[in-house]
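What follows is subunit A paired twice: with subunit B in the first complex and subunit C in the second.
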Partner chain A sequence: MATTALPSVRVPLDHPLRKAGPRALVVGLVALAICGLWAIFDPQQAVRSYLIGYLLWLGIALGSLAILSIHHIAGGAWGAVIRRPLEAATRTLPLLALLFVPIALGVGLLYEWAHPGVVAEDPILAEKAAYLNVPFFLVRAVIYFAIWLLIALLMNRWSIEQDVAGDPRTTRRLEMLSRATLLAYGLTVTFAAIDWVMSLEPHWFSMIFGLLVMGSQGLSAFAFAIPVLVVLMSTLQLDSAVRPQQLRDLGSFLLAFIMIWAYLALSQLLIIWSANIPEEISWYLRRSIGGWRWVATFLVVFHFALPFLVLLSRNAKQRGVILAAVGLWLIFGRWVEILWLVAPSYETNGFSLHLLDILAPIAIGGVWIWFYLIHLARHAVVPVYDPAFAEEEA
Partner chain B sequence: MSTPARLHGVIAEFTNPTDLLRAIEEARAAGYQRMDAYTPYPVEEVSEALGHHGSALPGIVLVGGILGAISGFALQYWTSAIDYPLNVGGRPYNSLVSFIPVVFECTILFAALSAVLGMLALNGLPMPHHPIFNAPRFALASSDRFFLCIEATDPRFDADEVRRFLERQAPRAVSEVDA
Partner chain C sequence: MSDGARPAEATVVPPGAIIGPGQTFGSVTDKISSAVLDRVPRGWWIGFGIGLSLLMVFFTALGMLFTYGTGVWGIMIPVGWGLDIINFVWWIGIGHAGTLISAILLLFRQRWRTSINRFAEAMTLFAVACAGLYPILHLGRPWLAYWLVPYPNTMGMWPNFRSPLVWDVFAVSTYATVSLLFWYVGLIPDLATLRDRSKNILGKKIYGIFAMGWRGSASHWHRYETATLLLAGLSTPLVVSVHTIVSFDFAVSVIPGWHATIFPPYFVAGAIFSGFAMVATIAIPLRAAYGLENFITLKHLDNMARVMLATGLIVAYGYMMEAFFAFYSANLFERSMMHLRFTGPYAWSYWLLILCNVLIPQLLWFKRVRTNTIGLFLVSIVINIGMWLERFVIVVTSLATDFLPSSWGIYTPTIWDWSTYIGSFGLFLTLLFLFIRFLPMISIFEMRTLVPEAEVEGGEEHS
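Up next, the complex of A and B:
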């Protein structure tokens, strides 16, 4: 029986985050309007940029689902303190399902395999047509979202149930759900990564790509939840729940996910670079032509080396401001990597950055953050009965 | 009062970490500097209370790791680009991408060895015997008792005074430790 009940702290009505939401919405809607107008004249560029923005925010929501599951299985106060920020992110999945519509409508503008004419002339694509065809692509997307939404629904419902009663059976149910979630998450995200990103260059394949996307999503979830927690800590009384030790643990997790990302990215590069097979290496060649080489270098230095070195320091990990800054910086880094993954699929002449590549992530992000903050404010910002807090007390 | 030279210090035995922590704080407030605490399990606040600020170990490990990375790279660069250049499928002799795993492994190896050896060196280990083991009932420090020893090297050390001081800290027992 979870014996220690923490005070149920909510985001008060006059909290700055309450004002930030509508502002984010305004920014998002303005950016979205520009994207929409642009789409009338250049739908191809609009939907391609939209995909970049979409993947960025979807990564945070899905990563949160995985991190929550790990927490429910493994326990630990680190997870209890960011549980509510992560849960709020998973409750944005209905919005993200809705925001998938432009991608579903723009399949033909995004993917060359969606054109029967192209497939007919390309024996490799003809072989893959049993999987890579528009109806099946859409069916799969529906399946992914059905699974993600169901998991998010149950996980959130039971988590709130635990707040009310602290019933150990609820805790146990969350643990069982989390086991199934990790399995489902691994499969759905692997296939979704193949469908939405890898098939942008349908000749290319990489077995590790799904894992790389999972690692990136875990990183995104921490990079987002930590700044949220730091803002909550600096404005609300959370001392009874959040201690320096937990911030340090979260910093260590961020560090670990940076390393996982770098490890998987390098594994993929090392194998493809060593084999040097035309259909594989051309993917990297496209991404190292002209300015893209500098984008790749930027990722190595600023998505890996710099945050890695900062987070080695114990002091940095205990300072909320530094940790939050690293997190926000990594979200910017996530955008750079997704841009680097998606945009060179269409451009063969080296680096190009379209205005919409910047505006679309802001558009989706503005709406998403507004939606996120509404959900964050709906429940206590720290779970009342997480068993990890009881362990802490003992 | 004269301090017999053969004394290592005066030790107090506590039954719980709270009393130990209070005693440490009192001792530091009273101006004692050379003391050490012994607990059956890590009590995080103790090292803070004792005023242990940072250890040189992270720095040693960092230097070890950097040296490891450099040696790992140097080894590969020297063997494949200088001493015995071999054309493998037309790849450059200095193939940074394929060097990275060994550079990484050497970083970990050197950092881990620096951590172990650095820890031993900083702790003055191996040390066949330590006078603290002369303290009666000291074996309980690995079971359920908490000890605080104010050492004879302390500039303000005076065996009788320290004994009286420790006895005021609600210990279970206070005894002198032979050097």
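Up next, the complex of A and C:
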């Protein structure tokens, strides 16, 4: 293969990221301990807040799986430069599988349809019981995780193989795997979104919801990988791989995903608002009473309009600091949206923010980031033999 | 002269190349402009003749329609939208490939788009022309079409701005305008080439007028590049917005089978799916007839097939969501709508649609099918049929059997429905053959940037 090897740069032992990991772990464990104590007195609130935190970090890991697949199929140096940060995120899936346990145990506290008494009195839930029942819910979760873990395992293993020899057959295998991944990802994430989020309000349904969650996960993956890359660039010698052009492309992708998210969210809103059918519009009504209206407005302005306007500027897209700041801001925005999706399902009296809604994402995030950084440091931070680098040279 | 007389043509194009070997600036210009300036092949007259005959069918159908009104069609209550609206959505969907190729692939720096963008853009324009006629014909009183446009009038009447049907008027007319501008701006350097090469005085004059004094100076090129990039930026949202608004025509209602939140992305994917199928349907015979194998290579066909496969899978995802949510909604009407699609009076159209749009396109997973001209041609025709059936299923089956069984009704298209549809191919083909005859069907100057000579002179700049 004509591809020239890039130097294999690793995170050195005295790198600030090495210290950041244990600190994140401490913060995470403290927050987790508070959540755990709280759960003894108010398990319902604890598991509901936990779901919000869980979905936030899971979105980054799953989105990374999809973006990696797109890169392996379509090529492009933009993907090669964030490949390792994305791969490290997919290697957190075993941890996330473990972290799913509280949700599996708390099904009854989270979902109305998990109570036979409620279902018996509700003809619509009785009709849905063939799908929405606890055993099948758990079986599906096991299937999703089995698929995600298998894909993450193969994708990472072959990616490291490519580093050693640059064998074009490995590259080819990664491409084949990525095609299967996109198919599997589309299906599993759609049904996981229905199971874990949509069924919080089991009467409500929206066909676009799976795509909306996929779009958000893609956005999360870029919003997370870009700051990681910017930190690596500013502390390590990556000039041979990362060019201004690629940073600009990443900014454009972030912009594109902001637009995709807005497009899907607006489509859903407009169609439901226009038809104004009670079983559908009630979902939006719950999310626009009292303070939730301001949360929704916040999403429009700060999850869409502001980052959109910033990223329109070519100058902003070339400056790593600005790009990283937009990415981190969007992770915050993701938390707000997930809060807005989940919390109003339980609250009928308007906005309320529980302390655990803030602590649970920090708790999971702290542990997750510690785990992430260990994996990021394990391999070269830029792939040695990605064919996309050679393409860009030509 | 006998054997191996055409070395450039006879050489096999290496796999993966987007232009054949041995091409130079001169050979590219000669080859493409000869289709316009030299003798017209007999095949052109046959194709143009077919197009013109079908156009006569169209005029006859319109004559009937204008004389007797929309009663000549099979539409009735409850199926008030029939073939006319199906054809509108179908044609406008086909147009999307042209815009996608010329705008989005340009922004993504995909150089393989170069040889197919010109005629794909032309196809867009002609498809939009066909599409735009149907809503006007559907009005019944087409001479009052200007009522669609909001303007201050003595009646104090305004269109309902909350209705996507009004948004359609703006979306489609913007789309037609921007596509026309983009296509024309892209043509200017080539029109100048034809002006310089034409031996016919009249031809020189006409090409000269439309070339608007293009001399190819550095400042001309500079402005040209800026204009193209701006137009590409303008067109990109149009790829999404037009079919999104078309999908709103259905989705904002409360009719089961129409009211589905997935419609916007699923319609856009379907539009690109059918658009690329139509580009392949046109490109494959064209490259054979004019010997363009060096310009429209197997790599192009392969890439187009991949786009079809990807968008086809999104469309299949849409069908799956419709079926799953009919169950998951636990709504009586949603469920009965889906049940009737599977087993009702129009079940044939649903299963044929699944065959054409979901099952057969899976052949495109195989590289042997993607790079086999005949195989790909057949698959692309099947996709065109499938996408037409999709609109038939959506429009007709949802209306025919809605909430009240007492008001159900079966729609049967009449001969005038069909002739208005088949006739529109006449309009499309006539325009297409006139385009092939009088304008370069492949962008000459952009192809020149792909030949080896351009690399030496720093042709990389033009991407």
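In the analysis below, the second predicted complex is superposed on the first by the 393 of 394 C-alpha atoms of A that agree within 3 Å, B and C clash if a C-alpha of one lies under 4 Å from a C-alpha of the other, contacts with A are read in each partner's own complex, and residues count from 1 in each chain.
The criterion applied here is as follows: a contact is a pair of C-beta atoms (placed from the backbone, for glycine too) under 8 Å apart; a residue touches a chain by one contact, two chains touch by 3 or more.
Note that this is a predicted model, so its numbers are computed, not measured.
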Exercise. If subunit A is used to align the two complexes, do subunit B and subunit C fit next to each other or clash?
Worked result: clash
Exercise. Which partner does A:Tyr346 reach: the first (subunit B), the second (subunit C), both, or neither?
Worked result: neither
For this session: Could you tell me if A:Ile194 is touching subunit B, subunit C, both of them or neither one (first, second, both, neither)?
Result: second
Exercise. Taking the superposition as given, does A:Phe205 touch the first partner, subunit B, the second, subunit C, both, or neither?
Worked result: second
For this session: Report for A:Arg314: first if it touches subunit B alone, second if subunit C alone, otherwise both or neither.
Result: first
Problem set entry | Partner with the higher number of touched subunit A residues, subunit C or subunit B | C
For this session: Please work out whether A:Leu270 is in contact with subunit B alone, subunit C alone, both, or neither, and reply first, second, both or neither.
Result: both
Exercise. Regarding the shared-chain residue A:Trp329, is it in contact with subunit B (first), subunit C (second), both, or neither?
Worked result: neither
Seminar exercise, completed: Intersected contact list for subunit A, partners subunit B and subunit C 270, 274
Exercise. Where on subunit A does subunit C make contact in their complex?
Worked result: 124-125, 127-128, 131, 183, 186, 190, 194, 205-211, 263-264, 267-268, 270-272, 274-275, 277, 279
Problem set entry | In the complex with subunit A, residue positions of subunit B that touch it | 58, 62, 89, 91, 97-98, 100-101
For this session: Please name which positions on subunit A make contact with subunit B in the complex.
Result: 266, 269-270, 273-274, 276, 312, 314
Exercise. Quick one: in the complex, what on subunit C touches subunit A?
Worked result: 162, 240, 244, 248, 251-254, 259-265, 313, 317, 321-322, 325, 327-331
